[in-house]
Amino acid sequence: MAAAAAANTFYSIVAGVGAGTGRSVALRFARTYPVALLARNPENYESIVREINAAGGKAIGVSTDVSSESSVKNAFTEIEKEFKGKKLAAAVYNVGGKFIRKPFLELTKDEYEAGYTANGTGFFLFAQATLPSLLSSVPSSPHPPSLIVTGATASLRGGASMSSFASGKFALRATAQSLAREFGPQGIHVAHAIIDGVIDIPRTKEWAVNGGVEDGKISPDAIADSYWYLHTQPRSHFTQELDMRPFVEKF
Amino acid sequence: MAAAAAANTFYSIVAGVGAGTGRSVALRFARTYPVALLARNPENYESIVREINAAGGKAIGVSTDVSSESSVKNAFTEIEKEFKGKKLAAAVYNVGGKFIRKPFLELTKDEYEAGYTANGTGFFLFAQATLPSLLSSVPSSPHPPSLIVTGATASLRGGASMSSFASGKFALRATAQSLAREFGPQGIHVAHAIIDGVIDIPRTKEWAVNGGVEDGKISPDAIADSYWYLHTQPRSHFTQELDMRPFVEKF
Amino acid sequence: MAAAAAANTFYSIVAGVGAGTGRSVALRFARTYPVALLARNPENYESIVREINAAGGKAIGVSTDVSSESSVKNAFTEIEKEFKGKKLAAAVYNVGGKFIRKPFLELTKDEYEAGYTANGTGFFLFAQATLPSLLSSVPSSPHPPSLIVTGATASLRGGASMSSFASGKFALRATAQSLAREFGPQGIHVAHAIIDGVIDIPRTKEWAVNGGVEDGKISPDAIADSYWYLHTQPRSHFTQELDMRPFVEKF
Amino acid sequence: MAAAAAANTFYSIVAGVGAGTGRSVALRFARTYPVALLARNPENYESIVREINAAGGKAIGVSTDVSSESSVKNAFTEIEKEFKGKKLAAAVYNVGGKFIRKPFLELTKDEYEAGYTANGTGFFLFAQATLPSLLSSVPSSPHPPSLIVTGATASLRGGASMSSFASGKFALRATAQSLAREFGPQGIHVAHAIIDGVIDIPRTKEWAVNGGVEDGKISPDAIADSYWYLHTQPRSHFTQELDMRPFVEKF
């Protein structure tokens, strides 16, 4: 299917956009599909929406609290209205949540739960909202409809002072695996990416990561290329999990 | 230290008791320490409390909702009153939570979150309530003060229709690992047990597991022996994780 | 760098070619680089060499026993003579070795060791022969010089009657990880691909895998696309490990 | 069964004895069973044999090169002659092999293969020699006949300069897993212990491990207690894998 045809028929969603990975992923998917950007704070998506639309793509932004059932419901009502007649080809869940690093005994219950609220509850609501649409796209989508999820080093390893973030990311991985096993055989590609390193975004510009060596932080555009690569894999070859780290990263 | 001396000076806590593992663990630890049994429903601990006290041990039961901050607070106030002057030597978190196995799109938000409520929030509150006491026991405890946690096959693997339970158990494992890395160097033994199989308890009596072969289900007394073995390991040799399964279990 | 320029300056090597993955990988890399194909039996590479050269690419075949130090030495002498003045951009180790599935007590020592001979010793010799060349390409290669390795389900899991194959694939993964940690910071991309499923090749044509469903076997061309994708990742984003399986594969 | 009866009817084998873990394990198992000690160099077992026999136990030493088929065959002929009429209850494989830590490009083929020779080939020959005896003990052994294997940090993780040791330990783990899956259902307990830290033995006495803190090295007697604990687990509860590390060890 030509890109033009795909743009007329399908759309994509990226939840968790900001200045880093989410922006790069949105730009990458917008080359082929119209894209809906979700973030709680409109500031996080407004300039990206403008950037995509100015470049001849099609993007909308929807202010959404992914951990709120009603907010997610409203967001998808709006998305479906905006993209009426189009089918969902790809949904990316890139919500980081608040990163809390604190000695365990200093954590409040809310702080501990924040990791799960973003990566457990939030992904649950997002997956329930997108999977029916993805399923309905299976027969016609140019690539297997995809649900792609952003994990982290802490998806595999709990660290001292990291229980909030790690428990959320572990829960996200558990859910993604469960969905891969349930929806893979129905034609949906559920993939979990382990981002093991600092991402090279405005906020980390001054961080002297890995001794400040060039390319010592992960390029968000490279992550976006990987997500697109995952999306375009044929169903005879689904990658469920892959890691990504700078060449100098200790692991 | 003689067992009699230990009984006068230390106590233990088991959260999540019922007819299976919790009962066996309580009985095993009660041979050495007075034990506080936590369960939401008093029916789940009353007969065990009687059984231990009748055998010359010392046990109390406290009705507790481990996912409620105030309920946990009340429970520990009561425990500390009952065991005034004693120090905590071992705390076991054996809360299973509701086991929900359902196609993902049929899950309600509450059902999805139930796994985390029991294994994430509940363990967080339990660990925050017990770690300060465990830390204060480090200098005098006959064995390294221990926080032992019950995991499952789903702690390592998300399965179709298992996202609620698996995300809770993954979160529990993440938290236990984080605590092991933070409190291990302070002398606390945090251990995570992966129970991979059906436990041989009244509720599973009729289940023809593993072809109904003898010993095809895990003996809860053997689990209790393992927890006690973990508790008595010296600090030069802490086991952080071990699995347990019947000899015939596929894995 | 344009493809034409790359072809004049760099070359690639694929060890372990035959009718399946090796052929697809060779064809994929031959679109950009001249390629040397290694197999013990010339029958395994001759038609692929012809196919590539006929299509305007450049390929040579070298009969090599990868587990023999002298045979590997001779092969690389020949390759360096053939590709004199060119630098090595990518080396793929796709040697399967004999797949032996037998009850453990029926294995001979040679049969047990066969898994390691192919995946341990063979990869050791191949890596020692290619890494110095890959290192010398770091400053000029269009993509980070890559050493890509073919793993399997048995790289992660030993199965009954699988000790020969699994011990070889585990050893291969250990070595690949060690090399990633040693040579990654020097600019080499060492990647390990876990192929979890039956590959769709002439030999498996009649196998009714996954109920005989369409796309129930892994496309070798899709594997080749993944290897090329790995090769072209920038050094700020190296994937060390990824899995690949058909959408219907149980895992 | 009383210990005295066990001593008359069963015996045990420990391969890889020296001043550390092997000695402690031999002493621990010798409390219940006569024990055959295997090491290449008689100096490694002679004093332990004397120590056990002097304490009223029964031990023999057999000089064995575990990687040589004929040497292993001779060793087991001698063991069976010495312990004629007795059955094998437990076999421990604790062969470390030469620990080689070297930049990859400086390794010779023999050095690379040394890790596998000890942990692959050696364990293969040992397992083939002991499993038939262990199987014949299933109906009568006081505890499930056990095959217990010593792993290391490098069983799970390949490190820079560690390819020889890691590939051997990975291969050992693969084989142990394969045997657990094949022989577990036949009643044999195959267990893999991950020793993650420096062991407190004469050779490491002066090493300032973990800042030189007390108990910062693993007690070999504690490892022996764990191996005995594994051996005495009932078949309804087999631990296949557990880790062991000092409380202050980073992991």
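By letter and in written order, the chains are A, B, C and D; residue numbering begins at 1 in each of them.
The working rule: contacts are C-beta pairs under 8 Å (C-beta built on N, C-alpha and C of every residue); 3 or more make two chains touch, one makes a residue touch a chain.
No experiment lies behind these values; they were computed from the predicted model shown.
A.B. asks: Any chance you could name the chains that touch chain A and chain C both?
C.D. replies: Under the touch definition, chain A and chain C have no mutual neighbours whatsoever.
A.B. asks: Over half shared numbers or under half: where do the identical copies chain C and chain D land at their interface, same or different?
C.D. replies: same
A.B. asks: Taking each chain's centre as the mean of its CA atoms, which one is most distant from chain B?
C.D. replies: Max centre-to-centre separation from chain B belongs to C.
A.B. asks: For chain A and chain D, let me know how many angstrom lie between their CA-based centres, rounded off.
C.D. replies: Chain A and chain D have C-alpha centres separated by 47 Å.
A.B. asks: For chain A and chain B, what's the span in angstrom between their mean Cα positions?
C.D. replies: 35
A.B. asks: Which chain A residues sit where two or more other chains touch them?
C.D. replies: In chain A, 181 touch at least two other chains.
A.B. asks: Can you list every touching chain pair?
C.D. replies: According to the stated criterion, the contacting chain pairs are A-B, A-C, B-D, C-D.
A.B. asks: Tell me, which parts of chain A touch chain B in their complex?
C.D. replies: Of all residues in chain A, those touching chain B are 69, 103-105, 107, 109, 112-113, 116, 120-121, 124-125, 127-128, 131-132, 154, 157-163, 166-183.
A.B. asks: In their shared complex, at which residues does chain A touch chain C?
C.D. replies: 144, 181, 184-185, 187, 189, 200, 215-219, 222-223, 225-226, 229, 233-249, 251
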